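You will see two complexes here that share subunit A, one where it goes with subunit B and one where it goes with subunit C.
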Partner chain A sequence: MNDDCFMYGNDHQVQVLQAMKTMELYADLMETAQKEVNKSNFKLTDLQTSIELMFNDKGRNGTLKNAIYKYICIHAAKHSEVPIDHLKDPISYVFKAQQSWEKKIMKSLNSMCTELNVPLARQRTEKEQKEFSQMWTALGADGPDFSQIRPVYAPKDFLEVVTSLNNVNYRSANNNGFNLWGIIQIPLKNRTMDELRIQFNEMSINQWQSGMDDEQDIFQEIFHDDRIKLGQKVIASKLAPLACEFTKKGSSISLRGDLWCQMLGIKIDDVDVLYYEKLKSNVLQHELLIDNLLYKDVKLTATNDDHYFVFEDFLYQVLLPFSRDTVVLRNLLENSTATPARSFIRGKVGMEHFEVYYPPSGVIPFHGFAMYVSPLCYLYKEPIKLYYVFRELYMCYFFRLHVLSTDPQGILSLSQLFETLLQTHEAELFYHLKSVNCQPLKIAFKWLMRAFSGFLASDQVLILWDRILAFNSLEILSVLAVAIFTFRKTNLMKVQTYSAAEGVLADLTTLQVLPLIQLSLFCK
Partner chain B sequence: MASNSNTQDKPIHCNIKNTVSLLVGDHKHDFSSGCKMFDVTFPNVINPEIGEIQFKNYYVAYLTIRAKFRSPDFNGQTGDLKWRTCVRRFKMMPDPHSEDGSHSYFYLNRKHFNFDIVNLSTLRFILHQPSPIWKDFKLEDLQFFRTSQAFKPLNLPSWLTAPEETTTEDQASEKPKLPGVPDLDALSAHLQELWAMAEDVSSNQSTVPLGRYDVDGCYDVTLLSYT
Partner chain C sequence: MAKLRYACDQDKSVLMNNFEARGWIQVNPEDDFNFYWANVQNIRNIFSIESGYRLSDDQFINHFPNHMELTRKDLMVKNIKRYRKDLEKEGSPLAEKDENGRFVHLDFIPQTFMLPSDYNLFVEEFRKNPNTTWIMKPCGKARGIGIFLVNKLSQLKKWSRDGKTNVFTPPTAKETYVISKYIDNPLLIGGKKFDLRLYVLVTSFKPLKCYMYKLGFCRFCTVKYNANVNELDNMFVHLTNVSIQKQGEDYNSIHGGKWTVQNLRLFLEGTRGKEIADKLFDEINWLTVHSLKAVSGCISNDRHCFECYGYDIIIDDNLKPWLIEVNASPSLTATTSSDRIMKYKLISDVINIVIPPGELPDVRWSRIPAKENLGSFDILYDEELAQADILTQEIKSRVGQATGTRGARDSKRTTSTWK
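Entry: the complex of A and B
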């Protein structure tokens, strides 16, 4: 896409400006500017200079910079004349595959509805609403019977879709052509190890890392205390790029919550509280089948996990409102290849005015979805803050992990990056696993898709996610997956079956992510 | 946007000839040379002039365009036909071995051309694909336009694009002191307030959705629709 960009010229600026106008910040700045202009000593002649000066003066510059920084991080430049399908994903067969995958999910949801004889959504009676409202903080206590509900899809199903992708114009292995060892047979451009080394330069071995070096007693005082002091200064600056730079070397536990908010541009104000309350009342009003899927997912994953079972009620307070949030939907429509499912209000089938998105957020959860939220419960004790941090994380990163696209941050590219890195740097291991019919991606895919949440120990997940946020990149996930294979190489070289290999890699909770990443990035 | 600009300028009528693949040796060997070419003529156009070329790529890595045209007329006599290279090895796929850029739209205009394309007779497109992993490569939806559409006026406000063009002196001198009229500064301040309010209302009209997902409070949904 980068190549297109240079021809798009000022289009991007126009897009940024248009996006800015819809932001609350714009109204704020406008208001301040108006106040300034109305002051008696104001001269019309230097309107521009004095307003610029004012924005620079009062720290508003920082807020403005943060907003633009964030917008640019998420949105790539788009050419206004390119057809909409092309904008979703330029490689048409990938977009088509995503559409047919969505159709499959829809069919599965519909058949569940028909089987269980429940509607996708229905209004709760007033009595039910009251009861539900009383149970709000203890929703996990006694939920309905979920034995009939099954997850719509699991990482395994999605892996099948990913591996069945096929470019008709590509001379692949079974076509007397080029042989990639892995199961992803699409030649996407990936970063090489050298490029990754440069990108993740701050994580190299000669640099101090929070989350690793501060755990040794001798360095506690000289390193850890300094980092905290510096971190507090960074937080005081309120600048997002600064927080990113700082977090590239990790954030300490006490500062992590604030730093993440700063990087994601989250400041909870009254409007946000109100909005969350609105979502909550939406949850009370309507009961969705998606709710049951979310309940079931929490019960199957977080509730069963030693690290997270205490947070069960928290998870419902985040996940249920999330499924009603149309901001998420809008983000999916604008920035992803996803085409959220639609439906009609009962009795109004085919009437355009009564067409609605289902669920309102456009996100149909898969098995393990709750694990995107669970680690965050260690950071924020207020459900509202937790909600907004999760929502931002999802809209910036996690949606890419379960949507097909050629985005270099998407699951397709990450899977391929994993395979190419492994093939290049652990050729012997890859060849052995392949020859005993055990494709490495079949094991690693679920790690990638859940961003390692639920596989690593909870503190390690946070240390890993620190880097995702700081480097604004999910590629670190593939690097870690390769590192884990390297680390367990001796055992893996001995396995003869797929289940044995799976056994070797079943428990990752003892692993420390930083030394592993350093091992695979910088020690060869 | 696309339809909007197309109405201003219709594509030039042209005749795209068959693509010829470059071969090595005889036809029996299936050897892909990684090079193809085709010609484009403009039979019904007098003195064709091209300002922009639009197309969608399909796995072409580099593009060279050569133009055959008449040298300027001397005393009403047509000059000789000459070939000149108009675009040389324009890179469309940054890495020919990977998908990047393989399906992108391209808009080539005067700033990509080595010279202005006027008095044209034939355009020759030479396509290169050095990577052997692709079975086929071509250009799709090829269109020619007389004027470039890339340089349409931008929607950026002038203060963002224009450098320091101070109008302070003009404005100051344009303020005559009228008797019987209230203080102009105060008046303009109020007017500005009014203007700002109007601006606010018009700019914030419909861009921000309210976040409603139901229709008139109703969200009873039975099954998903497959459309």
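Entry: the complex of A and C
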């Protein structure tokens, strides 16, 4: 653990220390240290040893380690000298494309306001607040009329933006871009299959995997029971990196909830409960147009999904407060290329002082957004825990799936990784599909953008997300997408139209994630 | 090999598609068939004394002659009560009772009385706990028809006046009702009540051979559950029957309020832990086996018969499963596309167990299907294999025999059962 820290050199250490100072943990530690010093039997000469001793106390040491680990996981790629604007994205045409995309979304949001004659935000009357608060756990029952509301954008629209990107600084001899068959034509460095093999080494065939090998009767006792015992030890340790190492080979269903919290550094305390209540009261006080979009999205996706319809009401209890959470906004501003939309308080247009981010979280949901939350309902039955796990997952991973950036974990890189892997390892299939005018990414893009939620069976989505958290990487999504094409290759080779190909890949609920990933990563 | 000749008296696509996919030849029920999928009325005719019909060795049929012993609400209760009493007389450890006089291991149906015959017993019980809700169900009806909830004796008196039930003429099955303690603390998921529909295949009652289908489902109410007395008349809150829920305005035709049992298990294991989920599903298997054992003595074990029952089970908020009723003809109408796939597979798997693939029906078959023919069925209990197991165990050691109920319960769960 400490070695990790030294690996990044002095500069990084300073950065970590700076960041630590803003954390609650820092204040806690400071307070304990001061108490220690103020004890009557304290000798100045022992300062260092006694403080060190205090830090070595098991619980405190673990929390500190987890905090540093998490910081490194999220901020690994940053250099402190780079100016903040450049940090957004070093490639300016990608950054500009993101900005113009955001403008477009805001425009269509505004035009919806005009069309339906509803404001972006509105204060609820006292009576409405009371009614809404009584309905809080049953918001799905009698919602307002959503027939007029339509999702602002769907994966299909975003794919258009993604594919229209091209590098203005690049000119090739044959005017054909790169020697790529796909529709992503920008120079990004992707990992090769060999590199992925090393990265996902723990998933290889000679290792036993939870969620696959434990389903065979013979392994039940020797493997599954051992895994559970080991998993319980890992949970008892409370250390995030340990949980990651363990989960690389999968978590068992009953331990998953705890392991994910451990990996994401979530411990719900009174402050968290209070903060959620505050968000909830914000929802009660003000109605946002975004709420309708979220309602509509749940109604269009989870409510109709035979895996998730029972959780409909939980989804509102997570999504509505989420749209008011400025922690999400801060994270987007600091760690992504996104420049959330801004609006003015009514009657104060143009006055900088009255400019606010809209919605407060900075996230305008797209068609399918609710599916980022739905699978989590299988792990946490308390809305508060559900909320924080979702928020953390969003801030660590999911925002990358609908924001343009050159981040190796971003949707651009993942799309291109999918295309290059498919071109390299299933050349015949790719060529056939391309020749019948069916670009594979057109089908796979929605899978990637939703992290497969709503496409795979619920248990399989969780097994897949286990690996995203454990390896701290979204690249597994591209690998799985390639694996699915490989798996259905025989049928895909026969199709002559785009809709036929779509038909072959329409139902993924029967697929088993792990054998497929192993097939494409380790069997060639 | 001669092609199998089948008859079917109902136009259900999940049935017909299965028969056609196997290349079977359709014949009239009056003709020489090998396999007859019949409704319960036609079964009654076939087995009635007047018809004098005799099935030959290569003829199979999808119901047992007197399946009513299990599938009529009042008879099932009667048989289970008798089964418990018999076990108690034998001094079986299974019939252990707790300090309140309730069976520890066999308390799996809600307390039930027949009406009008047990009226006085019911009143006595009602007066002990006047604030409980009871559910009235006509014995001979299905799909939630004629069901209502009562919490006052006056409601019952009104019902008996309205029905003009004459005390002096014995009531027919249609007029008999069962009244059961209403499970008013059901397990809620997303605030809604649900019950389980599980499919259980029986190929023989003596020795008992039964199979549990893995792809059962939960049926959800569309409206939030509310135990409030004022909502007693709102059947969308209380009854999970698809035929009732379908009429509600919130009914969703894409999933039809159906959630797979696998998802239920994933949810329970994820939110409450493996041990609790395992215990629940063990108890469900346990109650299924004992409900079948309770009738194995009185159902005539015709070698031409097999039957696929629809078990309705409600789980309460202590995660205890309660057997509500058993259906002889679980609906084969598909409400959604995944429903159709599941039911098609159900019938296919049933046929594969009953008639080993590539063979003609033969009543002398071993009734021990090959593992690869089980499909999505799990062996729930096979008395023949279990006895063989016990014999081998006895040879190994005679110690484990008298270790009390739990021990007895465990010893049954060898390879011949679901575990």
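Note that in this section the second predicted complex is superposed on the first by the 497 of 524 C-alpha atoms of A that agree within 3 Å, B and C clash if a C-alpha of one lies under 4 Å from a C-alpha of the other, contacts with A are read in each partner's own complex, and residues count from 1 in each chain.
Convention: contacts are C-beta pairs under 8 Å (C-beta built on N, C-alpha and C of every residue); 3 or more make two chains touch, one makes a residue touch a chain.
Bear in mind the structure is a predicted one, so any value in this text is a computation, not a measurement.
For the composite obtained by overlaying on subunit A, subunit B and subunit C can both be accommodated side by side without a clash.
By the touch criterion defined above, A:Ala341 reaches subunit B but does not reach subunit C.
Judged by the touch definition given at the top, the superposed model places A:Thr137 against subunit C, while subunit B stays out of reach.
More residues of subunit A lie in touch with B than with the remaining chain of the pair subunit B and subunit C. In the superposed pair of complexes, A:His353 makes contact with subunit B only, with no contact to subunit C. Once the two complexes are overlaid on the shared chain, A:Ala236 sits clear of subunit B and of subunit C alike. In the composite built from the two structures, the nearest CA pair linking subunit B and subunit C is 30 Å apart. Every residue of subunit A that touches subunit C in the complex is listed here, in rising order: 137-138, 141, 228, 252-254, 256-257, 303-307, 309-314, 377-381, 458-459, 462.
Within the complex formed with subunit A, the residues of subunit B that make contact are 1-2, 5, 58-59, 91-95, 97-107, 132-136, 149-150, 154-157, 159-161, 168, 171-172, 185, 188-189, 192-193, 196, 200, 203-204, 207-209, 211-215, 218-227.
On subunit A, the positions that touch subunit B within their shared complex are 1-4, 7, 9-10, 13-14, 17-18, 21-22, 27, 30, 34, 37-38, 42-46, 48, 79-83, 86, 90-92, 103, 106, 109-110, 113-114, 119-123, 167-171, 177-178, 186-190, 275, 278, 282, 285-286, 324-327, 329-330, 341-346, 349, 353-358, 360, 406.
Subunit C contributes residues 189-192, 194, 220, 223-224, 250, 252, 254-255, 257-260, 262-263, 266-267, 269-271, 273-275, 277, 336, 338 to its touches with subunit A in the complex.
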